[in-house]
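Next come two complexes, and both contain subunit A; in the first it sits with subunit B, in the second with subunit C.
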Partner chain A sequence: MTGIEWIKAASVLGAGMSVGFAAIGAAVGEGYTAGKANEALSFRPNLVGDILKTMLVGQAVAETAGIFGLVIAMLLLFSPIEGKSVLTAWAYMGAGLSMGLSAIGCGIGAGLPAGTACQGIGRQPMVSGQLSTLMLIGSGVAQSTAIYGFLIALLLLYKQLPMGMAIVPACSMVGAGLCMGFGGIGPGIGEGMAAMEAVSAVARNPLTVGLMTRTMLVGQAVSESTGIYSLVVALLLVLSV
Partner chain B sequence: MDIMGADLVKAFACLGAGISMGLGAIGPGVGEGFAAGKACEAIGRNPQEAGLLTRTMLVGQAVSESTGIYSLVIALLLLFVV
Partner chain C sequence: MEELGRIHQLIIPFFGHDLTFNLEVIIMTWIVISILLLFGFLASSKKGVIPGPLQVVGELLVAQLFALTEDALGEELGKKYAPLICALFMFLVLSNWIGIVPMMHEPTKDLNTPLSLGLLGFFISHYLGIKTKGIKAYLKAYVDPFFFMMPLNVIGEVAKVVSISFRLFGNIMGGSIIILVISYLVYNLILPPFLNAFFGVFVGAIQAFVFTMLTLVYIAVQVK
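Right, the complex of A and B next:
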């Protein structure tokens, strides 16, 4: 096999991993949201407009991680490969792993508060605005590690690589992809769980919304820390090539 | 392409650093999020105890963070020492 064929093979594999893994999280998160919305509607069928709107907004946020995976897959499939170093093959595999795996957690994490917000609107229709705002803040923070994964994938895609094969840079780039990819799963799910309980608490007692937003953000910030460690190690690995 | 033994060690150290920090981040992320979620739930039930509950949440999260920091230390050791 020539270098070009290796790069082509790696871009196809990377695109598959990127969109395939990313689809897991987005689909689970959106399904959870839809399930909770149905549960809420069975108790309060007259609130169909509000609940359906919140469900769709929450699902759209959960979908973004899947769309990131799709964008990286398209970039991998359609980027020109003529005259590239054979090391590009390894960079492409790293990019697919980084984007795909990191999107798993963020899709699930964004779906959890969205589902609870639908349930909360069924319980307290008067505060649906506050619940939607808190849900959007929580889901937005839960997306952050998918954005780190997207960033590392773009860095790997557009990096200028030395010609010729060497095993150390090849393993560094796959390692960076694995590091950011797996590292994004935990914080995504964890931040989603924090946002879920915050939304559910506001639905029980709407007066605590300020306190709850603060506690949620402090908890999510601590939960984010391992995602940031992963980003740092992945950047060290990418930039050392 | 001929691979020297030292290159192979360095290459696998890079791969190992990525796997160490990547997998090591899953547990603390989920665990700290769980603690934050339960703290939110508890403060929602009893807002007067918000200070105590936030403090307890942060202590619990700090303990849960420790394995993430072990992973970071091992990843940095693999990157810069091996």
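Right, the complex of A and C next:
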């Protein structure tokens, strides 16, 4: 096999991993949101407009992780590969792993607060604006690690690599992908849980919205720290080549 | 497919360095700014008790965003920083929506725009944090819970800028790449308008709001 063939093979493999894994999380998160919206509608059928609107906005945010996976897959499939080093093949596999795996947790994590917001609007229709705002902040922050995965994937895609094959740089690029990918799963779900409980607490006691937002952000920042360790290690691995 | 990731650049040699300007982004940013100025002028020129349509839109935006800012920052700081939040939101929404007009490109599609806005929020929030809490209490937040955590707290603050700007950039650039690739695959039949409506109008508005709210919340965390 020639170098070009290896790169082509890695790009299709990476694209499959990227969009395939990313689809898991986004779909679970969106399904959870829709389920909770159904539950809320079953006892508040007259709020159908508000709840459907919140459900769609929440699902669109949860979909972001899946869309990132699709974008990386398309960039992998349609990038020009002539005259590139054989190492590019390994970088492409790393990019697919980084984006795909890290999107699993973030899709689920962004769906959790969205579902609870639908439920909360059923409980407290008067504060639907505050609940939607808190949900958007919480889901947005829960996606941070998928964004770090996206960053690492873009770095791996566009890195200028030395010609020729060596096993250490090759493995460090796949390692960067694995590191950011697996490191992104847990923080995504954990931050989603923090946001979910904050939204549900505001739905119980709307007066605490300011305190809940700050506490949620501090908790999310702490639970994101393992994702940031992964980001640092992945950056070190990518930049060491 | 050659358009994927291509940028029009103007490179000027400057004392041995190359200054690079992304012309398209600069021009589109100026177009967005002039539309906003025109909107502001038209909405406020003929003020009346019975408002015109533009005045209604302007009042709605300003009232909602002022209320959100005052909720987060309190009465006094809220009044001071609400114009910033209003301007940020209106600029981002228009930047994200302008891509649905043929031949126009979103300025937020280029990483430079979201990153500079993220840095703006970063500097404002830390400046306000030092100003309201004092330098001692501000620095003490970094050695929380114990001293060895300091490097990670600093990295965490920088990572906030990365995540806030890449979120906007990834969504808008991702949307435009998906529209480009799918339009190419279906020979520009039927699908592209729906994709533009979803990625341009819907996702664009949500991401502009998320960016604005996160900037506001990061400021609020530093202040309190």
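Things worth noting here:
One rule holds for everything that comes next: the second predicted complex is superposed on the first by the 241 of 241 C-alpha atoms of A that agree within 3 Å, B and C clash if a C-alpha of one lies under 4 Å from a C-alpha of the other, contacts with A are read in each partner's own complex, and residues count from 1 in each chain.
Please note the rule applied: contacts are C-beta pairs under 8 Å (C-beta built on N, C-alpha and C of every residue); 3 or more make two chains touch, one makes a residue touch a chain.
Here the structure is a predicted model, which is why all the values come from computation and not from measurement.
Aligning the shared subunit A places subunit B and subunit C next to each other free of steric conflict. Rounded to the nearest 10, the angle made at the CA centre of subunit A by the CA centres of subunit B and subunit C in the overlaid structures is 110 degrees. Once the two complexes are overlaid on the shared chain, A:110 sits clear of subunit B and of subunit C alike.
Of the two partner chains placed around the shared chain by superposition, subunit C is the only one that A:137 touches, whereas subunit B remains out of contact. Between subunit B and subunit C, B contacts the larger number of subunit A residues. Contacts of A:218 after superposition on the shared chain: both subunit B and subunit C are touched. In the superposition on chain A, contact is made by A:210 with subunit C only, not with subunit B. Once the two complexes are laid over each other on the shared chain, residue contacts for A:185 go to subunit B alone; subunit C is not touched. After overlaying the two complexes on the shared chain, residue contacts for A:87 are found with neither subunit B nor subunit C. Of the two partner chains, subunit C is the only one that A:57 touches; subunit B does not reach it. Once both complexes are placed on a shared chain A, the shortest Cα to Cα gap between subunit B and subunit C comes to 8 Å. Subunit A uses residues 218, 224-225, 229, 232 to touch subunit B in one structure and subunit C in the other. Residues 101, 105, 109, 165-168, 170-172, 174-198, 200-202, 204-205, 207-208, 211-212, 215-216, 218-220, 222-227, 229-230, 232-234, 236-237, 240 of subunit A touch subunit B in their complex.
Taken together, the subunit B residues at the contact with subunit A in this complex read 1, 3, 7-8, 10-12, 14-19, 21-41, 43-45, 47, 50, 53-54, 57-58, 61-62, 65, 68-69, 71-72, 75-76, 79.
The part of subunit C that touches subunit A in the complex is made up of residues 1, 4-5, 68, 71-72, 152, 155-156, 159, 162-163, 166-167, 170-171, 173-175, 177-178, 181, 202-203, 206, 209-210, 213-214, 217, 220-221, 224. Across the complex, subunit A meets subunit C through its residues 57, 60-61, 64, 67-68, 70-71, 74-75, 78-79, 130, 133, 136-137, 140-141, 143-144, 147-148, 150-151, 209-210, 213-214, 217-218, 221, 224-225, 228-229, 231-232.
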